[in-house]
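As C-alpha cells, here come the structures.
Heads up, the next two complexes both have chain A, just with different partners, chain B and then chain C.
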Partner chain A sequence: MEKRQANKSVVIGTIGGDAHMIGAWVLSKAFEKAGFKVAYLGAVVPQKDFVNAAIEIDADAILVSSMYGMGIMDCEGLREKCIEAGLKDIILYAGGTVAAPLELEKNWPEIEKRFEKIGFNRVFKNTCTADEAVETLKADLGIE
Partner chain B sequence: MGIYLLVDFGSTYTKIIAVDIEKEIILGRAQSPTTINTDITIGLDNALAALVKNCGIDTDKIQGKYASSSAAGGLKMTAIGLVPELTLEAARRAALGAGAKVVSGYGFEIDEDIIKEIEAEKCDIVLLCGGTDGGDKKVIIHNAKMLADSKIDCPILVAGNRAATNKIKTILEEKNKTVYTAKNVLPSLDVIDIEPAQALIREIFIDHIVKAKGLAKAQASIGRNIVPTPMASLQAAALLADGTEDEPGIGSLVIVEIGGATTNIHSVADITSVTPQTLIKGLPELRVKRTVEGDLGIRYNAQTIYDMVGEDKIEAILQSLLISQAGEKTDIKRYVNKIAENVDYVPSCDIEFNLDISLAKAATEIAVERHAGVLKKEYSIQGETMVQYGKNLLNVENIIGTGGVFKYGLRPERILQSGLFSQDKPWNLKPQKPQAYIDNDYMLYGIGLLANDFPAQALRIAKKYLRPTTL
Partner chain C sequence: MTFAIKNERLTDEEFFKIRNEEVLPQWETGKAIANLEENIAIAKELTQGKNYALTLAEHKKNGTNIFEPQFGRALTEYMIEGITYVEENSDMYPDGVWTLFSDTYTRKGDFKKAAAGIERSKKEGMNMLNGWPVVCFGVEEARKITKAAKCPLNLNSADEDARLQTEIVFAAGWNGGNNNPIMTAIAHSKNIPMDKLLKIKQYDARLGGIYTENGVPICPHNASNLSGYDAPAMRSYTNVVQVLLAAEQGIKYSHVMHGLGMNMIQDTAMGRVTEKLCNEYCERFGYKDMTFIIGGYPFLGAWPPRLEEAHAMIAWNALIDIMGGFTNIVLKCEDEAFGTPSKEGMANSVRLARHLVTLLGDQKVADSDRLKLEEKMIEMEARAILDKTIEAGDGDIAIGLCKAIEAGWFDTMVSPWCHVKGKVEYIRDAENAVRYFNYGNVPIPKEAREYNEEKLKEREKKIGKKLTFDYVVSDLQYASILPVPKPFKK
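And then the complex of A and B:
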C-alpha cells in the first residue's frame, strides 16, 4: 500500500471528562505557528469527536491532552474507533498528567507500555513543552 | 370460541400448545418427534393427533396457527466485521437479536483459511459488516472479494459502510452470490442500529431458509410465516417486561432458557450505570438483549459443562443439593456420558434429577455471567474510579426459567439461584433480588408468537401461567 502523504494537519483537544483545556490550547497555538492546520476541539471531547474531526481535515495525527489523571482510561478504544473510521495509520499522541501523579513519577515506563498497548504511538510527560511536541511530530511524519 | 395452535418445530420435538384466546386459557399441550428428514408435517400431524387425544379440542374450532422453528440446526449465521469490539460486536448482536446462532465471527481481513472455515460451517446467512458510514472501506471490500471468490452459496447480507455498499453488491453479484443490503449496523462510532439488518434477516429466513430446511410444507400447513424460535422467545420477553397500552408488564427481567445444546439468556432492562460516578465503556448496550452460549447445554453439551466447570465443582453443587445423602460419592462422569449419548434421556431417580439440576446450575452461572456486565476498578487522581463494561442487571425485577429442565426438573427454582448476584464475585452485575418465575408449561415461545396479533391476551395468559417461586 502507498504511504499516505503528510499534509500538516492535526486534531487537538482535551479528552473525556477533563475540562483543563489550557494545555491543549497552548499546543494548538504552537502547531499553528509551525504551519500546521489545526482542528482545536477544546475541552471535554468524546473520542468520537476526535475521530470525526480527523476525517474532516484528513489529519496526520490526533493529539490528546489530559490533566486529571484518568487519561489512560479515556484513551482506551480510540485506536479501534480510528480503524473503523478508515484512519488505521493515523498517529496518536497523548500528553499531560495522563495518570495519577505518583504513578507518573515512579512508573513512567509502565505508563508508556500501557499507552503502546492501547495503540498510541507516543505519550508525553507533563513536563514536555509544546515546541518539543511539534518537533517530535515533524520527525515522525518525516517533514520539515 | 377462538382456539389458536402455537407450534414449535424443535430440533428434537414438535410441540403444540392450544390456547383459547377469548377465555385466555391454555387448553392443552402435546408433542411428537420432529420429522425434518422425511416430511416435517408428519411430526406436526402426530403432535396434533396427540393434542386432540389429550385434551379433546374440537379441530373445527381452530381459528389459526402460529409457528416457530429451530429444527435442522436453527438459523446459523457467520458474522464478519472490522474491529472485534465494534462492527463485529454490532454484527453479532444483530444476528443474535434476530434469533440466529452465531457459529463464528471474524474481524479484520479474512484470508483463505477463514474462507475454508466458513465454507465448512455451512451456515444459512453470512452477515458482512465493517467500517462506519464514510469510514473504512478497504477491509470490507477485501472481505467481499474473498467471499465472492469462495464456494459459499448462502445469502450474504451486507450491512457495513454505506459508502462501500454498492461496490460490494456488484463484486458479489458478478460471482452470482445472493446479496441483500441493509443499513450499517454501526453508522457512527457511538450509534448501533441493528433493526434494519434484523428485519432483512427475518425476510431471508422466510424467503430462503424455510425452503432450504424442508420447512416449506410446514409453512403452507400453518398458513403463516415461520419465525426462528429464539426470536419468538425474545418477543415474549419484551412483551412480558413492557406490557401493552392497557395491560401492564411485570417490569425488567432476565429469562434463562436451558436447552440440550445451548443456553440462551434474554434480558429486558434499561441501560443504567451502577452509580452516577461509574464510567460506562464499550458499545452502547441494547435494552432488549439476547445472548446464546453454544457450549452450554445439559445434553449435547453436558460433557463441555463438565470439562469447563470441573468434576469438583459439580460434585460440590450436587452435595449442596443432596442434604440427606451428603458424603456419598456419585459417578458424575458416567452420568454425563450417558446423557450426552442419549440426549432424550429423562432422569429416573433422585440423584439423577439432582445431577441435571447441578449441570443446569453450572450452565446458568456461566451464561448469566457472560450476559451481564462487569465492574472494574481503575485508579485516578481522585482515587478509585469504577468502570462498567456491559449491562447492569443488579436491579432487574424478575428472573424466569424456561426450557425442558424447568418443566420436568426437581425443584427447578434452584437453578435460578445460580443466575443471581453473588458476594463471591461482586464485580459481576447479576440480578440481586428479583422475583422468580418458572415456565412450567413451556409456553413462552407461544406467548411470543401471539405478541403481534394478540398482545394483551398473550400477556395475561403469560402472567396467569408463569409460576411464581421464591429463591
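And then the complex of A and C:
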C-alpha cells in the first residue's frame, strides 16, 4: 500500500480531564521551532477534538500528553476513532505520567505493551525532552 | 461586559434552593445527606479533638509547624491502609493533618466514569484512579475514613463544581475543603466564565459558614499554586481576594496556602506580605475575627525523577516553609515525578520534614534589608492589582476580579483556562527568584519594574548572554532535568 506523504504537521494536547498542560505547551514550542505545523489544542481535550484537528491539518501524528495518571483509560479508543475517520496511517504518541499506579509506572515494558495493544505507535516516559520527541517523530516519518 | 455576580452572602432561601435543586440531585449519594442539621451534629461528634481548623489555629498560636501529607486512591480500603501506614510510620500525630484528594473524573462531575474507574480498579487489583471518588462512595464510606484517621482531614477537590463533594465530606467530619476560585480556574478549568465559577464557590463557602456558625469550624484551603509558575505578587493577590470572597460567606479560618517559587527570600517575603494584606483588607471590608494560617505548597512545576533529587526538593521546600515562618508544611513526595503519592513516599516526606524542624530549632530567615526590599516590591505590586480590582468593581471584589481578569491585570503565563490573557511571561533571575520577562497588562509600578530589570541584568551578566524566550521555556524544567554525567577530561 502507498504510504502517505509526510507534511510535517502534528496535533498536540492534554487528553481527558487532564489540565496539566505545561508539557504539551513546551512540546508545541519545540515542534514549531523544528518547522512543524502545530495544532495546539491545550488541555482537557476530548478524543474527538484530536481527530477533528488531525483531519483539519492533515496531520502526520497526534501527540497526546497525560500527566495525571489516568492516561491509559483516556487513550483507549482513540485509534479506533482515527480509523473510523479515515486516518488509518496516523502516528499516535502518548507521553507523560501515563499510569496512576506506581506498580505500573515502575514496570515500563508493561506500559509499552498496554499502549501498543490500544494502537499507539510509541509511549514516552515523562523524562523525555521535547527535542527527543521531535527527533523521534522525524525518524518515524523518515524526514529531516 | 457585565457580570452576573456580587460579593454578597447567599441568603438561606437561596442556599437551600441551590442545595435541593442543583447539588443533592447530582448523584444518588446526595440523598443520604439531605438533613443538614443532622450532618453537622454527626460531624461535630466525629471531630472532637481532631477538627482541622482548630488544629491549624492551635499550631499557629503556638508558633509550631504542622505537616500536611496528601493521599488519594480509588478504593476506601486503599485509603485507610495508606492513612494508617503514614500515621504509624512517621510520628505525624499530633502535628499532622491530611489532604485527601478526589480523582479527576469526580472533580469534573463525571461520576459515571469515576464509578467505572472503581470497577476497573477492583478488576485489575490495583489503583486505576488518581484519587478517591468521594461522590460515588458517599457519606458513610467517608465517615469510615474519618474514624480510621488519627489526624484531621481536608479534601482537595480542586475543580469547578465540588459542591456535592464538599457536602459529603463536611458531613463526614472533614473540615477543610477548597475555596479558591482563582486557583481553580487557572489550574483546572477550560471554559467556565469567572462569574459563573464564583457563584458555585459561594455555595461551598456558605456551607462552610453554616458549619462554622453551628460549632464545626471549617478551614478551607485558600490556594495560590495557580499555574505552578507565577509571580509572588500574583499569589498574594490571589490569596487576599479568595479570603475576602470566602469571608463574606461566613468563613472564619483560612489556610492561606502559597505555591512556592523556591527562592527562600522571595517566598518568605511573599508569605509575610500576604498575611499583612489579608489582615488589612479584611479589616477594611469589615470581616472580623479572622484566623489566617499561612502555609506553603511545594513547587508545582516538573519534579526530578530520581530519589536523591526528589528528596532535595522536598527538603528545600520544607526548609523555606520552616525558615520563612509558614505554619503549615504541605508535602509532596519522592513519587511526584512518576504518579500519585505512595504511602511509603508520604511517610518518608513527613519524617524528612519533621527532622528538619528538629534540626533547625528556632532558626528563621533573618530580618534583612534584602528581605525588606523583596517584601516592598511584592507588596507594591499586589496592592496595585488589588486596588485596581476594587476600584473596577466599585467596591465589590467579585465584580472587580472578573474585570481584572478581562483586562489582564491578573494574568498567568500558561493556563488551560481560556479567559486568562496569558500575556505575562516569567523567567528566573541569577538567584532563581521568579521575575517578569513580559509584563503583559499587569499594572506593575515603575519602581518594581526597575527592580525587576535590575534582577534580569544580573542573570544576563552571570550567563554572559541576553535573556530570550528560550530561557522562559527552559526555566520551566529547571528543577526536573537531571544532569548527564560529563566524561572525564584526558
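By our rule, the second predicted complex is superposed on the first by the 140 of 144 C-alpha atoms of A that agree within 3 Å, B and C clash if a C-alpha of one lies under 4 Å from a C-alpha of the other, contacts with A are read in each partner's own complex, and residues count from 1 in each chain.
As a working rule, a residue touches a chain if its C-beta (ideal position, glycine included) is under 8 Å from a C-beta of that chain, and two chains touch if they have at least 3 such contacts.
The structure displayed is predicted, hence computed values, not measured ones.
Judged by the touch definition given at the top, the superposed model places A:Glu135 against neither chain B nor chain C.
In the superposed model, A:Asp58 lies in contact with neither chain B nor chain C. By the document's definition of touching, both partners, chain B and chain C, reach A:Thr97. Once the two complexes are laid over each other on the shared chain, residue contacts for A:Glu110 go to neither chain B nor chain C.
By the touch criterion defined above, A:Glu80 reaches chain B but does not reach chain C. When both complexes are overlaid on chain A, the residue A:Val44 reaches chain C alone and has no touch with chain B. When the two complexes are overlaid on their common chain A, residue A:Tyr68 makes contact with chain B and with chain C alike.
Of the two partner chains placed by the overlay, neither chain B nor chain C lies in contact with A:Asp89. 68-70, 72-73, 97, 99-101, 103 are the residues of chain A that lie in the contact sets of both chain B and chain C, per the superposition on chain A. Residue ranges on chain C touching chain A, taken from their complex, read 103-105, 107-108, 110, 117, 120, 126-130, 187-190, 227-229, 301-302, 305, 335, 337-340, 342, 414-416, 418, 473, 476-477, 481-482.
The touching residues of chain B, when paired with chain A in their complex, are 82-83, 85-87, 130-132, 134-138, 186, 188-190, 279, 281-282, 378-382, 385, 387.
On the side of chain A, the complex with chain B involves touching residues 46-48, 51-52, 55, 68-70, 72-73, 76-77, 80-81, 83-88, 97, 99-101, 103. By the touch criterion given at the top, residues 14, 16-19, 21-23, 25-26, 29, 42-44, 68-70, 72-73, 97, 99-106, 125-127, 129 of chain A touch chain C in their complex.
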